[in-house]
């Protein structure tokens, strides 16, 4: 960490900072610049909150040097992780993973029809919500356990890895019984107790970025899961909150090269949540592949107008099929497969 | 809800929308404008997700008319709610409530020293974290139950209502045993299962706004708590994520008049989290009172440089005392008390 | 426009709104819903600021129906515009336009070396700043007229259309003498006087989106240029300001399908400004093509470490060349050429 | 500046950075930490863009140490500036300046009626637009020179300093003939040529923050004006673009203590633009004073429903009068006057 003193900071103020640095078990190193003095604090003290040094007299601000995460970092594991998602499929390898399905499991017919269609088009995973986090308490909250049973059955029948959301600690065991991958939703990225509970599970975890989380916070959330014992973590970008109104969320695809640089974990993109409008989804699917995503999480519905949830951002099986064909060609441009 | 058709939408596209509207049990009303046709859908269908109509051919976009929340709304209860917080104190009345204390309970000495000081300065509530949501898994996570016991004891000794965070469903009962008010943190505002669990508790709930939640989502989170049976909800603004870097969060005080217009619930401001820098806190305390806040949640520490958490944004008991004196005079300008 | 009344608005309040609507020359149409009354105001009054109706008693809020822009809209001109950029090249056609070059013109040697390299790699346009908008008044402000002369010469020698920024009205004539395309920078997107001056020029205008402009404001800025007489406008997205810190700007590629839906104007992407980091540029170039961009504006420098401006986001000619090859294959996946 | 190397950077990469630092005329200082090496570059090189060092192999990122502005900084001038605004009034002194008036000058009657009312209530300045920057090219663009004449006359008659916007370089001389203070609008904060032109004027400059400008950029814009020869600069916060929708802009009042800490320049708040809704304005006026603002810029209109511009955010003379009385009492709480 580096402590930048204010211009004109007094010698005793610098001395006080040096003492504080030492009191935290760090080594100090003072540099006198032309205008300002800087105190470098050397040593790894991720476990201590040093930000309070900011309030010491004469201090302008602090600059952290080390990344706050460790086991999620590329520094610790330089080669990319290849994460199994069940049914023989992986994420992070040369083959880009398509995980598709309805926003919510609504009925056996609905789920099986969509599952067959996405399998046919090339998907390796089936997504679908059994427990739905709903902003509005009066709306459809999912089929619960019945939805899980249908997912497991459809996944088995079609050889698709089942990905579904787990909303609270007490659901972890139940969902693990039916699903291949536990999804932690954007609203729960900072739900540290849930992160720890999923870290103790044997299931692969698909972790969605909080809609205003920083990249550091996103990787720290992964760090929670990994440090609790589960190294099979897949990151997923699903759009952030900005001032833009022509989209429900702004999809920042530059996070793909950023994650590749900072972390060994694979990253998926969710272009459905990431835009909120079905007409944008094919374009963002193609862009994600071209940008280097390790896979996609896509909402597909055979009758979007009557979908119980997220119809506005669901594409039809036909649109999905056509887009997969385009993505296949794009993938080959960067020496990958879909 | 209003469905705005695209310019040049065909008659059969309008007809299809009318049929969709009817199929959802709503009454249709078509208006032909100079450039565009608009279909009004009349009726209260908060329980149905109508957004999928957006994907119908010829539709430009949907405009909701009704607020999505109901029991949190001023329409349902025009007079402001006065919410008890324990130890005889309330929030939402003429008297503005000061709730102050350390970010984390660190030790008996620390807590009791700060509790005595804030009581002396005029606080009616004692805040302090026993379970701490930490972005970084390697940092201090709170004293847990021991912290709760200390809080209860300090609150009793000084006649201060105890406000502390509950991070997961399984903590609700435990925390309720020691605290007067259950705080739901910004990272959990969208943790709907936790909202429901707190809604079944007898304790008053202090609900912090998610750092990128909209006002509608904030009030819907309150709606979750209230509709689960607990009408004693206090809102708390703690700053939002923006592009600004001179603050840790941007504190949008205009939410005070907005909440007063839309809801009957009282609203507190947290200027500590809301800025992230101790030097800004007195200024934002004064501004909050002047803007019409029903109270403040303030981090006070007798030795900020050595605080285990949030030292950078904690003010000293002396600064708190001086600020209360200024706030008292400001409150009188708008006919209230501190 | 639609005026949504508050729940419980009185009959005389509705009546007053109806009178206001009529006083603005619009036709009224009142709908009584279950909870609320809505007043539709029919007619095209883009020239009148109706927002003041919001302050009338009993009004909740206004919802505009018509897009505020007209000549930039797809409603008025359904087929996409193909805009000439000089030297026989166009933007908006099947062929995707590569416009590359240094951030600033620094010297004859620098410019000609880069121009030759980007031409060789497949560029049709040469970008380069002669007048530089610098946030910092003490830094390099560009070579001015000398830079323009070098650009014109390099463009002629290599058959590259010259694209350069015009920062103020008095530069419009001068820059038009040397350049094929006048670039209006992100900081000037709302400089309406400059928009009008460029609208009176014969040169094609490349209009960059303001870094917090909405899509409506972006298209309205184009409307200023077109309505002043110049229909040759090219839009350019260069990233927006958000809370993200791993990028200098967040690049929202979903604006590509949004622009294609709302407007007939072509759209370029600037992945250099759009990320701020050279290592992300190839990835975002590929993604932009896959998403449907009509071209790219890319900063290329043969010696980024010593570039006078924007070295951090400039790629080398070698990286540019390699990326063009990838983009060529991606373009073919969506039936276009690079 | 500090260059943070990546973990595991090679010795020759560090050496290369050291050479780059020296080649820019700076002194190097290398610190070897536990995980990473850091190269401090000592010396004041505000005039050189060092960001390209970021692209050197093995570099993680750069951290600037010095503030990029100088003459706007409190380091150079520790005591606060008191800036004259004409008619004997100042901004930055103990007395808080009220500058009020219509958004646009619409007519003689309108302007004089409002001027008389705001003077009566305690204003020292009269605001009003003669040249209006309009996002929509089809709407009222102001009365131009006629508006300036009316402003000058009203200002003289009531002893009010005249504040009005200048939108382009060619208007600077004209507006200077009639106005006491040249306002640079939010859309022009980055219009560096206009900043320089106003810097050469003798008139005080009121500089509004760009709606997504950082604090550094805001102070650098002031630096442009000051370094061109005009030290009479007043800052004005008018709200920023965020994800919030219950306001037109989010008003970040914590910028007041931040500016007071970093700069000697006075700061005004514009609660009309800063919220966009008249009903929020009194609350934000009071909060601004309590937070320490040196003055307010407020839109007042005697008939908001029929205002040609910004009626939705204009308060009536009666509301203004009542709010001034409240602000007077609040000011006394922090030992100031209104």
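Just so it is clear, A, B, C and D label the chains in written order, and each chain counts residues from 1 on its own.
As a convention for this text, contacts are C-beta pairs under 8 Å (C-beta built on N, C-alpha and C of every residue); 3 or more make two chains touch, one makes a residue touch a chain.
Nothing here was measured: the structure is a model prediction, and the numbers come from that model.
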(request) Look at both sides of the subunit A and subunit D contact and report whether the same residue positions are involved, with over half shared, or different ones. (result) same
(request) Look at all chain centres (mean of CA atoms) and spot the one farthest from the centre of subunit A. (result) D
(request) Express in whole angstrom the distance between the two chain centres, defined as the mean CA positions of subunit B and subunit C. (result) 38
(message) Distance between subunit A and subunit D based on Cα centroids, please, to the nearest Å.
(response) 38
(request) Provide the C-alpha centroid distance between subunit A and subunit B, rounded to the nearest whole angstrom. (result) 26
(request) Would you kindly tell me how far, in whole Å, the mean C-alpha position of subunit D lies from that of subunit B? (result) 30
(message) Two-or-more-chain contact residues of subunit A, please, as numbers and ranges.
(response) 212, 240-243
(message) With touch defined as at the start, can you tell me which subunit A residues reach subunit C in the complex?
(response) 212, 214-215, 240, 242-247, 250-258, 261-262, 274-275, 279-280, 283-284, 286-292, 326, 329-330, 332-334
(request) Using the touch rule from the top, collect the residues of subunit B that touch subunit A in their complex. (result) 20, 46-49, 51-56, 68, 133-140, 167-170, 187-188, 190-194, 211-212, 217, 220, 223-224, 227, 240-241, 277-278, 304-312, 314
(message) Using the touch definition from the top, list the residues of subunit A that touch subunit D in their complex.
(response) 2, 4, 6-8, 29, 31, 33-36, 38, 40, 42-44, 63, 65-66, 75, 241-243
